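Two complexes follow with chain A in common, the first pairing it with chain B and the second with chain C.
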Partner chain A sequence: MYNIYDNFLTKSYHKEIKDILTSADFPWFYIFNISDDTDTRELKNEYGFFHLLVNDKGQSNSNYTSFFRPMLHQIMDMTNTNKILKARCDMTTNKGIEKVHNTHVDFVDQTAYKSVIFYVNETDGDTTLFNEKYTSDFKDKTQTIMKKVEPKENRLLVFEGDLLHTGSSPINYSNRILINCNFI
Partner chain B sequence: MKKIIENFLDKQTFIEIESILKSEEFPYYLQKGVAFNKPDSQRGILLTHAIIRDRVVAASEKTCELIFDPIIKKLKEIEPTFKEVVRAKINFYPLQFKKLKSDYHIDCINKHKVLILAINTCNGSTEFEDGTHFDAIENNAVIFDGYTKHRSVNQTDELVKLNVNINYECNN
Partner chain C sequence: MYTIEKSSKPDFNFKEENLSTKKVLDEDLFDDIRRLLCSNEFSYYLTPSKSPVIFQHMFLGLDHTINSPHFESVCKPIIDEIKKNDKTFFNILRAKAVCYPKQNVDKIEFDKELIKFHKTAIFPIMDTNGFYEFENEKLPNVGQEANTLSIFDGNEKYRVKLQTDLSYKIDIIINYE
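Entry: the complex of A and B
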């Protein structure tokens, strides 16, 4: 149901990605809910920052996309997929409290796709994979934890897209940066 | 000496600027945190959008036209001896669930003045070394001498604390 690949990219390519995403030159866009489309402005704790590389129409959306394409193609080869559904850099920041985000899937209207998380920087804030798959009423049900994955830098996590999952904000580091992408 | 100006911009201009700065389409850039002498986890989070950096325009033409120009126009009305902007940026502090204070500092070493324009109301503030503070109340601005040491205090009640920080020189 899931696979973890450590040291996924070559050392220098990973470093270059990390340097770009942690630099003061990389544009981040604020979003009040980093996990899904629910309006959580009142809760005030789901916010994060994103930078879209490939939008949900499969189109390049950033001047940085071409730099990330080799990584995206390497993931496609590894997962036996041939189309990028979406690719996005995500950053959650230290909120001063431990915060697990909303349980979700990345696409509710897509089947047989892969969800992939590439952890960029050294940080904390586990990704939790649940045993249960997405159903329209999953929020009314209890989920059981399949695996908690630590965000080790240069680690790739691959799992079935319909598997419920969630991330969390860092508490011991200032930020947690990853690349979240989906393939079919 | 500090001067606080309420309703710094006219309402319509302010709403337009606020809307741009809060939109998901306006980029911010990660800084190393505000409290440099603290460990990574306690530094606080700060993102900025530079408009003028070392007297050189760093933002897009559109950002200058829609955000910077109206503020400078108003500033010139208040400061008849206004000469030049040394640095201008937008500060974006995401919500923290505990108060973090940056170190006391000055922004530039040359003689200058500082304008801070609060874009939204929250329980964050700017504190001055003399014990006074400027509360983050939307469309309120404070002007003070550039040698006055100050520090930012983040908010714990709103998703974001946004302000525009301008360092400028005057003639004489």
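Entry: the complex of A and C
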């Protein structure tokens, strides 16, 4: 149901990605809900920052996309997929409290796709995978934890897209940067 | 009453009016600016500071280059207000938007913006309980109320006291001479 690959990218490529994403030149965009499309403007701690590399139509959305393409293709080869559904850089910041974000899937209208998280920086804030798959009424049901995955630099997490999952904000580090992408 | 402490420079001569609580921009214009800066179409850039995490968007850099397509629409009306309130206004040195995500950081060092003699104007985008305090304790806290303009001697060291109510605080900071 899930796979973890440590040291996924070559050292220098990973370092370059980390340097870019933590540089003062890389644009980030505020989003009030980093997990899904639910309007959480009233809630105070669901927010994050994102940078879209490939939009949900599969189109490049950033001047930086070409730099990330080799990584995306490497993931596609590894997961036996051939199309990028979406790729996005995400950053959550230390909110001073332990914050587990909303349980979700990345696409509710897709089947048989892979969800992938590439952890960029040294940080905390586990990703939780649940045993349950997405159903339209999942919020009314109880979920049981399958695995908590610690973020680790240059770690890749691959799992079935219909698995419910969630992330959490860092508490011991100032920010948590990852690349979240989906393939079919 | 917010008064500007006199600088040693003779041209530091503002009207003694309550700049920090007066709404300066027309409501519709301010709403347009606020919506843009809070939208997911407005880019922010990490600053080198590791803690706290601070994002900024440079409208106009110290090299006098306009770095943002939003300089005219966002900064121009605020600059016009500065000009109305400060007849000694001569030149913009830098204009940026700063975004402070809510975070748990107690102590931030006092700092000043630039070495060159200048003035700093702070224009908050939202009402928060976060503010700026000065090392010189005689000066009042500023930067809490949306759509207000606080102008002070840029050589005064100051620091942000991060908000605890909202998930983020966005301010426009303009340095000028």
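Quick note on the criterion: the second predicted complex is superposed on the first by the 184 of 184 C-alpha atoms of A that agree within 3 Å, B and C clash if a C-alpha of one lies under 4 Å from a C-alpha of the other, contacts with A are read in each partner's own complex, and residues count from 1 in each chain.
FYI, a residue touches a chain if its C-beta (ideal position, glycine included) is under 8 Å from a C-beta of that chain, and two chains touch if they have at least 3 such contacts.
Everything numeric in this text was worked out from a predicted model, so none of it was measured.
**Student:** Let's test your reading of the overlay: on chain A, do chain B and chain C clash or fit side by side?
**Tutor:** The answer is clash.
**Student:** Which partner chains sit in contact with A:172 here, chain B, chain C, both or neither? Use first/second/both/neither.
**Tutor:** The answer is first: A:172 touches chain B but not chain C.
**Student:** A:31 contacts which: chain B (first), chain C (second), both, neither?
**Tutor:** A:31 sits against chain B and chain C alike.
**Student:** Taking the superposition as given, does A:67 touch the first partner, chain B, the second, chain C, both, or neither?
**Tutor:** neither
**Student:** A:49 in the overlay: touching chain B, chain C, both, or neither? Say first, second, both or neither.
**Tutor:** Both: A:49 reaches chain B and chain C.
**Student:** Scan A:13 for contacts with chain B and chain C and give back first, second, both or neither.
**Tutor:** In the superposed model, A:13 contacts neither chain B nor chain C.
**Student:** Report, in rising order, the residues of chain A that make contact with chain B in one complex and with chain C in the other.
**Tutor:** After superposing on chain A, chain A residues 22-32, 44-45, 47, 49, 93-97, 174-175 contact both chain B and chain C.
**Student:** Can you name the residues of chain C that touch chain A in the complex?
**Tutor:** Going by the criterion above, the answer is residues 38-48, 50-53, 55, 99, 101-105, 165-168.
**Student:** Given the complex with chain C, which residues does chain A contribute to the contact?
**Tutor:** Checking each residue of chain A against chain C gives 22-32, 44-45, 47, 49-50, 93-97, 174-175.
**Student:** Please output the residues of chain B touching chain A within their complex, sorted ascending.
**Tutor:** Its residues touching chain A are 22, 24-33, 40-41, 43-45, 47, 92, 94-98, 100, 158-160.
**Student:** Hey, which residues of chain A end up touching chain B in the complex?
**Tutor:** Touch residues, chain A against chain B: 22-32, 41, 44-45, 47, 49, 91, 93-97, 170-175.
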